[in-house]
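There are two complexes below, and they share subunit A, which is joined by subunit B in the first and by subunit C in the second.
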Partner chain A sequence: MASRFDIRRQTGFTTIAMICFFALYLPIVTLVVYAFNSGNSIAVWEGVSLRWFYQAWNNDQVVDAAIRSLQIALVAATVATIVATMAALATTRTKPYPGLGFKYAFINQPLMVPEIVTAVALLIFFSRIKIWTGYSGLGYLMAAHTAFCIPFAYLPIRARLESMDLSLETAAADLYATPWKAFRRVTFPLLWPGILAGLMLAFVISLDDVVITEFVKSGGQDTLPTYMLGQFRRFITPEINAISTVFLLISILIVTVFFFISRKKDHE
Partner chain B sequence: MASAEQVAKDAERREIRDRWLLSAPALIIIFLAATGPLLIVVVYSFLTPGPYGDVVWKFSTDGWLSVLMQRDIFDDTLAFADAHLSIFWRSAKLSFMTTILTLLFGFPTAYFIATRPARQRDIWLFLITIPFWTNLLIRTFAIQEVIRNEGIANTVLIKLGIISQPIQMMFTDFALMVGMTYVYLPLMVLPLYASMEKIDFRLVEAGYDLYANRFQVLRRVIIPLVKPGIIAGSILVFIPALGAYVTPRVLGGSKNMMLGNLIELQFGQGRNWPLGSALSLSLMAIVMVALLLYVRAVGRRGGAHG
Partner chain C sequence: MPEQPGRSAIEVRGVRKVFGTGESQVAALDTVSVSIRENEFFTLLGPSGCGKTTLLRLIAGFDFPSAGEILLHGQDIAPLPPFKRPVNTVFQNYALFPHMTVAENIGFGLEMLGKPKAEVKARVAEMLKLVKMEALSNRRTSQISGGQQQRVALARALAPQPKVLLLDEPLSALDLKLRKEMQIELKRLQHETGITFIFVTHDQEEALTMSDRIAVMSSGKILQVGTPWDIYDKPAERFVADFIGETNFLTAAISGMGNGKARATLKSGATIDATVAEGFQPKDNATVVVRPEHAKLTSGKGDLSGTVENIVYFGTDTHIHVRLDSSETFTVRQQNTRSAGCGFERGDKVGISIGNDAAQVLRD
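After this line comes the complex of A and B, so read on.
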C-alpha cells in the first residue's frame, strides 16, 4: 500500500506507549477487582461480593482514619488556597520588584526538598513544641499539610492570573471601586476557576500524603494512608483493596473535575 | 510640595509594601512548617544522641562522622561504614536506573500522545494524569499485587509453562526498581509531553528532505528539541526516587533499605537523631547539587537560543 509518508511516525513508539498504558492500569484494575472478592485472599478469586466494603465501613479504625484525613485535608486545602491566592495576587502582573524572586523560590521550597527531610525536620521541631506546650492535637498535622499544599494551590492560581490583564481592574479603580471591591466584583469572578483548581489540587495532595503524616502524627492520629501503611506489615485481606478502591474513586473524581477546569481555560 | 516624581515613588513604595503584606501569610506558614525546621535539623546534626531518642545538648561531630565512618567499639579506630555506604550506593543506583527506565518508556509514550490529533490528545493525557494524582501508596500496593509470588506476573508465567516455580521478586532490588519505575512514570511523561507538544514538525520534515532516516531525525532533530523536557522529567523522577520511603518500605525487605528508610531508622529503633539529621542533610545536599546542575543545563540552553 502506498500510504503517505508520515513524518511524525517513529518505529515502535506506539507499541511502547500501548505497553505503558496497559502496565499503568493493569495493577490498578487488579486491585479494584479483588476488592469485590468474596474470599479472604487478594490473589485467589472466589466470587463477587461487597463483603469487604461492608467490613471496612464497620471498622472503626478505618472510619476514624478517614474522618481525620478529611478534616485535615479540608482545613489544609482551604487555608493553603486562601494564602496562595493572596500570594499569587502579590507576585503576578507587576514589574520586577526587590524580593520577587525570593518569594517564588520560597513558596516553591516545599517542592524542592525531599519529603523525608521535611518530615524529619517537622518531627524534631514539633516534638519540642509538644513538650513545651503539652498540646498534641491535630493542629500539627494541619499546619504541616497547609505548608506543603501552598505551592500546589499557588501554581494554577498564578497561571490563571497571568492570563488575565489588568485593564478590567484599572477600569474598576477608575470607577471609584475600592481595591477590595474591585477584587470581589472583578478579579475574583475571573480568577474563580484557578482558585477552584488550586483548592482541589491541595485537597488531593493533603489526602494522599503518607511520609510527613507518618512522622508528624502523635499516637492514635492515623490518617487513611498511614493506617494502610501500617496494615501492610500484617496479613493483607481484600479490606485494604476495598479502602483503596473508595480512595481511588474520590481521587479520580476530583482529578477529573480539575482536569476539565484547567483544560477549558486553554480552549477559551 | 512633593514633586510628581516624589508622588510616583511613594505610590510605588506603597505598592511594594502591600505586595509583601499580601504574600506574608503564605511565607510565614511555609517558614514555620517547612523551611524553618530545616535549620533546626542543622543544629541537631551537631548534638549528642539522647539515651531514649531525642538529643542531649552537647556539641558533637559524631553524627556527621557516622554518615560515612564507623568507630570501632574496641580500639576506637575509624573505618568506612560499609552498611551506610552500600545504602547510599543502592539509593543512587536504583534512582538512576529508575530515571533511565522511566525515560525509555516515557519518551515514546509522551511522543505518542503529542502526535495524536488534538481531540484524542486530551483523552490520552487524562489517562496519564489519573495515576499522576492518585495515591502513591495505593499504586505501590497495586504493583505489589502484580509482582508478589502469588501475583499475576507469576501466575501467568506458570500457566504459560515458562517457569514452574514462582520467581521471588518481592523484597529484592528488582522489585524496588520495577515499583519505582511504575509509580514515577507519569512524572516523566508529563514534562516530556509539555515540551513535545511544542515541536515544530516542519523541522522534522526538513530533516527528511535532507535524507535523514527516522532514527537520525529522532536523534538529531526531535531529541535536541525536547531536551528541556528530558532534563525536567529526569529531575522530577530522580529527586523523589532518591528520597523514596514508601516504595522501599512496602516492596523491599530489611536488606533493601534505601536512604529514606535509613533516615527513619535513626529516628526509630536506631535512636540516633544527630545521625538521622546528618543523613537527611546529606540527602538534601545531593538533591541541591542535582537541581543546580539542572538550572545550569536549562540556563545554558536558554543562553544559546536567546
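After this line comes the complex of A and C, so read on.
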C-alpha cells in the first residue's frame, strides 16, 4: 500500500519535528542545567555545584511553601477524584436524557471559564466568608483547588467508564450481585486505572496552580509556585532553577509510576 | 396448539414491551404469550429486530415489560431485579470479567449468593470438569481462545444451578467448525444438567438441529411454536415457511376441509392432498407450500408442468429451478449420485409430481 498517506514521509517532517522538540525541551534543559550553576546568575555559567539545592532545602520559606503545596494538592486531588468518580458514574451509567449535555458543561465549567474570572469571584466570595466566620486557614485554598481539579479528574474517569463493556455490569447483576457488590467487584476494579489517572492529573494541576492561589491565599500562605513568582519580583538566583528541577523530577516520577501501574492493570 | 403435559418453567403472559415515548414509540414485543416447559431446549428464532433478544432480556430482568406477566414456576418475576432471579445468562460477547481468572469467573455467582468457600471451590471444580477447562482454571480470560471463553461463560452461568439458562446468540462469534462442536456440546450440557435452556438465534439451521421446540418470531410477535419438525414441515405462515429452509409457494383453491386436511386444486388443474395450518380461514386463493425435496421431477406428466430454467449443483444434491406453465417458479431438490448427472437439461419440458403428505396450506 505505497499510496497510503504517511505523514512521516512528507517533505520537511523531520525538520519540523526537530524544531518542535527543541522549542519544547530546550528551555527546560537550560533551566535544569543552570540549577547546577555555582554562580549567582541564571544566565552566566560559572561552574558545577549543588549549592542552590542546599540553599533551597535550608530555606524555611521554600520548605513551608512546598509542604503547603503538597497538603493542598493531596486534599484537593483526593476530594476532587471522589467527586469526579461519582459524577462520572452518574453521567455515564444512565439513559441519556434532556439536560445531560448541560450537566457535562456544568461539571467542566472550570475548564471553560477563564481562570482569572474564577479567581476574582473566589476572592470576593471567600473574603465575605472570612469576615463572617473569622476562619482564614488553608481550607479556602483546598476548596478552590478541589473545584478546579474536578474536571481534570472527571475526564479520564469518564473516558474509562465509557470504554468499559456495559455487559460486564449486566453479567454481574445476572450472577446475583447487588448493585453495590457489582460496583465493588466489577466496576471499581476495572475503573481503577482511570481513577488513578484522574488523581494524578488533579494532583499535578493543583501543585502547578498560580492564578487562583495568588488571589485566594491569605498572608503567609504561599505555595511553591506563588513563592517562586514572588521571588521574581526581587532578584532571581538559580535557587528558582533548583526548585523547578525538583518539581520536574517529582512530576516525571508520578507519571512514570502511573504509567507502570496502568500498564500492569491492562495486561492482567 | 394444544398444551401438552409437563410443568412450565417459564410462562410469558400477554407481555408487551414498548420503547420510546410519544410519536417515536416502538413496540418491540406485541402482546406475546408462550409457555416454556421444564428441561426443554427452547429456541427463540427470528431475524434481527424481531424481539427475540428483548424477550430474553425481560426474562433475565435486564428490562421490565410494559405490560403482562412472566411466571417462573408459577411465580411472577417480572418486577424482580436480575440479581433476585434464579435465571442466568450466557451473553453474546460472553461478558467475562477481565480482571478475574477462569475459576474466579465461574465462582462469581455462587460467591454472590453467599455460599461457603469450600462449596464454591468444589462447584467450580465440578464446572471446570463439565466444560473440560480444568487445565486453564488460573488463566486470565484474555489469555484463552474464543471457544474456551465460550465454555467459561457457560460454566459461569451454570454454576449457580439456575432454574433457567438464557443463551443470547452465544455461538455467533465462533467459526463454523467450532460452532458445530459447541452445538453438540450445548445439547450435552443441557442433557446432563437437566436445566431449561432458552436459546436465542437467527440461524434457522442451528435452531432446527438443537431445539426441542422453536418459537418463530417476527416484528415483535410469535408466529408459531412447535417442534423443529412442525416448524419445517407444517409452517403456519408464509414468513415461517420462508425464513426456515427453502420452499415453493403455490396458489391453490381449497376444498374438502376436515380433520386438519384438505384437497388443494393447483393452477395446473391437478388436485393434491395437503395438511392445513391451524387457524386457516377458507378463502379463494390460499397459499400452499411444498419443500423442494418433497417434489420429484419427471419427464412425463406430473401434478405441475413447466420448463427447466436453471440447474445448480450443490455437491450433496442438485437444485433444479423450473418455470411453471402458470408462470410461477418451483424448485426441486434432487439427491445426487456419483454415477450420473441429474438427468435434465436447461430448456427441458418437465413434469413435477408432489408426494403424498408433501403440501401444507398456510393460514395467511
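Here is the rule we use: the second predicted complex is superposed on the first by the 238 of 268 C-alpha atoms of A that agree within 3 Å, B and C clash if a C-alpha of one lies under 4 Å from a C-alpha of the other, contacts with A are read in each partner's own complex, and residues count from 1 in each chain.
Note that contacts are C-beta pairs under 8 Å (C-beta built on N, C-alpha and C of every residue); 3 or more make two chains touch, one makes a residue touch a chain.
Predicted model only: the values in this text are computed from it and were never measured.
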Subunit B versus subunit C as contact partner of A:Ala202, first or second or both or neither: neither
Partner chain(s) touched by A:Ser244 [first = subunit B, second = subunit C, both, neither]: first
Subunit B versus subunit C as contact partner of A:Asp174, first or second or both or neither: second
Partner chain in contact with A:Ala144 - subunit B first, subunit C second, else both or neither: first
Touched partner set for A:Val75, first subunit B, second subunit C, both or neither: neither
Comparison of subunit B and subunit C by subunit A residues contacted: B
First (subunit B), second (subunit C), both or neither touched by A:Val186: second
Subunit B versus subunit C as contact partner of A:Ile28, first or second or both or neither: first
Touched partner set for A:Asp165, first subunit B, second subunit C, both or neither: second
Shared contact residues on subunit A - subunit B and subunit C: none
Contact set on subunit A toward subunit B in their complex: 5, 7-14, 16-17, 19-21, 23-28, 30-31, 34, 41-44, 79-80, 82-84, 86-87, 89-91, 94, 97-99, 103, 106-107, 109-110, 112-118, 120-125, 127-128, 143-144, 146-148, 150, 154, 204, 207-208, 210-211, 215, 225, 228-229, 232, 240, 244, 247-248, 251-252, 254-256, 258-259, 263
Contacting residues of subunit A [partner subunit C, same complex]: 165, 167-168, 170-178, 181-182, 185-186, 189-190, 265, 268
Contacting residues of subunit B [partner subunit A, same complex]: 15-16, 18-20, 22-23, 25-27, 29-38, 40-41, 44, 54, 105-106, 108-109, 111-113, 115, 122, 124, 126-131, 133-139, 141-143, 145-146, 148, 150-152, 155, 182, 185-186, 189, 201, 204-205, 208, 214, 217-218, 222, 239-240, 242-243, 245-246, 249-250, 259-260, 263-264, 267, 273, 276-277, 280-281, 283-284, 287, 291
For the subunit C and subunit A complex, residues of the former touching the latter: 60-62, 81-84, 87-89, 91, 93, 95-99, 108-109, 112-113, 140, 156-157, 160
